[in-house]
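See the structures that follow.
Heads up, the next two complexes both have subunit A, just with different partners, subunit B and then subunit C.
Now for the complex of A and B:
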């Protein structure tokens, strides 16, 4: 299996404060040196709390945002500086699904028209053929032919997310970036959409970058998981390895606070003190040190590198660097 | 058990729209004793928020109208209170925490002003004493340097801090009943853990009764003593928290629990789905409201609505147990 996506030292800064002459003085370092790859057909989960940069990472990989620094290789091709026209060919194989299906559908277009538009943009001239393909897609995501002539507001949240998935699949993608795809849905509907996404993965050999704050869902769908904190990946490992053997103090705390579904058997929880620091001015050295109970002087002076600890497991923490 | 402080009996709330009437809550009953925590779970539109807003008498009318039932709080029927009397109860005897603390706090007053106003209203304290009380409450919810915080405005605080302020404000007058509507939904998991821990501690310290609404069953498992599962305007299962999670009875409760990918799940296995979609409350006219999505629906389920019956330690609304 080769790599479908490889991201090297990706950075995305947003200007935060401008000086009198309009030059940016301070930057929000939303993504600050991120490396990872995704294999063909693989699901990489990306977790972290709000503001850690996981969505920005997704959007920058898709080139919806221009990276400040770094390289994005898609199927071996460097797309970091592709122009709009070049990107169009990339989007035939890389698509995205957002959290809010209502905001990502045009309210004035029927579902059929929305899907047909995708085919038109990608050069399918014959109208009957477009319609036929749209019908096939709806079937694939569990909707019916008569839904073609409905408008987005006529659907429930779960059905709208099915439409969004259908639209993403219209171009035969190989990689789908999913940004909180089920977070806005009710529990009973969430399971339907997750099952659909997993079925489609099997049928079409899709790879997903699955961005979510819901650790239970991420554990279920992912092959590997990356944990982000303040713009950096602090740990990345195969899913069970990470969940059973978290190494980074932040991952340990994050995993321990997911409420269990059983009353009375509360696991020991590592409740973190304080809050995520401001990404304009991240702490020196290790970014997690202000909330870490193992922090030493070294942690405030030198930023740890991400190092392998065996079993495909990588950690950014001084505790593991000496080994 | 100990003193009962809240009793809701056969509550019904309709929403009167231009072309139709929506029975958002229909025949909901439960009770709560001192120091007890009730969790209400259910999906969007099941009537859980409408239920607690009725207790606070905060539903906007029209379109909403309480059409039947009684709400007894410490021996008095809240539904027969005047708006004036309710205002004295709200924030004092019963207070509420909302999901989005930013919209519940006034953006143009600093935290100290907002908190002392509540305290002055209800407890006849001077402004200075009220401010002292506010600082004391902020300490209680573990806010670092509360003296500084009371001079800050809501937009200067993080989500977790705002929610702490809301909790401090809600508890300022030692309410006997605290209602929390999705108090941690807008927060990150590590902050959620802090807030849940805080609510649990305060519960022991202050002995208030709590109603917590959540769509997250994990949150409810963590904090509730009793659980009511709502579906389409009705409570379909009502039991102590152990029975709900270890021995769920109603097909909907079982479905909800199985739909969540829990730690023990085998990844090869598909998640259990509850098929179909949540029906609008006025969609189902006869029979069990869950029948369109239920795998166990049979003859009776389509004809008559099941009664709320005792099954073991639980109250369940399902023909399969009768």
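Now for the complex of A and C:
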């Protein structure tokens, strides 16, 4: 299977402080050199603390934000500098699901109108046909035809998220960027939405970039997982390999806080000391060294490269350089 | 609010992981938001009084010729400066014209000028505010600077300045009021756009390939209407006052046109011997402005989601 999405050295800086003449002097390096790819039909989980640049990565890949540097290849096409018109054709194959189902639907439009509008924008002229397609979509996500004339405020969070998924699927995408799609929902509803997403993936052959801070959910849905820290991917591996064998000291700490499934199978809980450094001025060398108990002088001088350690596992850490 | 539990097993896919019930909060059917607002509005005392005054004002303006048997512009030397009596309930002016008749026809002028001026300034302000708020950057900087300059001048002063260049007359009064009062709408609309364009459903619209025009007019504007409507309601009485002031100064309605400001002006010198000439147009201006303000304030309270 080929790659549906490939991201190379992606950077997104936000101006943080401006000089008197409006020239930016300092930048928040939200995403600072990120590389990854997603295969057709694959789910890549992207995890990390809040503020590490996960969501910015997702939005930049969609070109909702313009990248500062780097290349985004979608189905082999370089979309990094596509204009609006060109992006419209890309968006037929790449969609977005948001975290907050309360903010992601237009409160003044009925569910039916919201879905029909997508078909209208993409050139479906016949009104009856649009309505029929909207009805099919709602059925696909487990809502009923009579829900079409309701407004978003008449639905619960879980139902709204179903509508958001239906809207994303209206264009027949191959890749869906999911930005914390279930974090705003109750746990019982989370399970339903996740199962719906997995079911749709199987039926429609979707690939997901699944951005989340919830490690249990990521473990359940992903094929591979990338761990992000302060704007960089520090480790990327197949899901079970990562959860059984985390290599990077940050991943180890992150995964140690996931509650064990079997009692008695408890791992030692590693608690990180200190705060996440300011992304305006990340530490020299390895970004994690300020909170890493294995840090050596080398870590503050040379930034580690991301290196393979076998089993499709890649780590950005000097401890594994010899492997 | 009813909280009910219902089985959605047959309708939704993939919910076998956790139980088969979905806890749903079903809000009371509130499809007709507009109807609800109207209901709330009529529980508001001020709104009812305001509505009655506004309706009476509009009714007067429309049916002016049927409300009186006199002409507003024909002098009558037999009835000069008559105090209010049975034939002339508001009295007559120095040419013997019936004040009531002139006020009734004056309502037409007030309503027309205020309404047209508010609509024009609303369009100017909304378009500029939408462009500034949506596109941001240099465009926003330029538009906001112009708005701040326009905002710095009192409306009537700016309107007088425009009249000075355009010349007197009611049509120019409309243009002057419109050009002098769009800045408020511009600011409100810009602020609305700045906050709404951050919302996720706008990002979704962009990712679904919608054009800027569609996003502005179909997604952002309908969600920013509330403050615009309230503002327009409160701008109407201001426009009425500015029109009356300009006519009072002789810059607006020209004789024998019966603008309330002009009638007030004609009675100015006779205030000792015939106070009714100035009193009734003044009272009308006050009543109508009060009516619009009561209604506008109530509308703001009702439409404010925080109330």
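Rule of thumb we're sticking to: the second predicted complex is superposed on the first by the 315 of 323 C-alpha atoms of A that agree within 3 Å, B and C clash if a C-alpha of one lies under 4 Å from a C-alpha of the other, contacts with A are read in each partner's own complex, and residues count from 1 in each chain.
Simple rule for what comes next: a residue touches a chain if its C-beta (ideal position, glycine included) is under 8 Å from a C-beta of that chain, and two chains touch if they have at least 3 such contacts.
Please read all numbers here as calculations on a predicted model, not as lab measurements.
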Which partner does A:227 reach: the first (subunit B), the second (subunit C), both, or neither? neither
A:108 in the overlay: touching subunit B, subunit C, both, or neither? Say first, second, both or neither. second
So, does A:50 touch the first partner subunit B, the second partner subunit C, both, or neither? first
Under the stated touch criterion, which partner chain does A:31 make contact with: subunit B (first), subunit C (second), both, or neither? neither
Identify the partner contact of A:269: answer first if only subunit B is touched, second if only subunit C is, both if each is, neither if none is. first
By the touch definition at the top of the document, which applies to A:206: first (subunit B), second (subunit C), both, or neither? neither
Should A:118 be classified as contacting the first partner (subunit B), the second (subunit C), both, or neither? second
In the superposed model, which partner reaches more residues of subunit A, subunit B or subunit C? C
Does the superposition put A:198 against subunit B (first), subunit C (second), both, or neither? both
I'd like to know which partner A:186 touches here: subunit B for first, subunit C for second, both or neither. both
Both subunit B and subunit C touch subunit A; at which residues? 156, 158-159, 186-189, 191-192, 194-195, 198
What part of subunit A is in contact with subunit B in the complex they form? 49-50, 156, 158-159, 186-192, 194-195, 198, 213, 215-217, 219-220, 243, 253-254, 257-264, 266, 269, 271-272, 275
Residue set of subunit C touching subunit A in the complex reads 8, 11-19, 22-27, 29-31, 199-201, 203-211, 214, 218-219, 222-223
Can you tell me which positions in subunit B touch subunit A when the two form their complex? 43-44, 158, 160-161, 188-194, 196-197, 215-219, 221-222, 224, 241-242, 245-246, 255-257, 259-263, 265, 267, 270-275, 277-278, 293
Contact set on subunit A toward subunit C in their complex: 59, 62, 64, 87-88, 91-92, 94-96, 98-100, 103-108, 117-118, 121-122, 141-144, 149-151, 153-154, 156, 158-159, 162, 164, 167, 170-171, 186-189, 191-192, 194-199
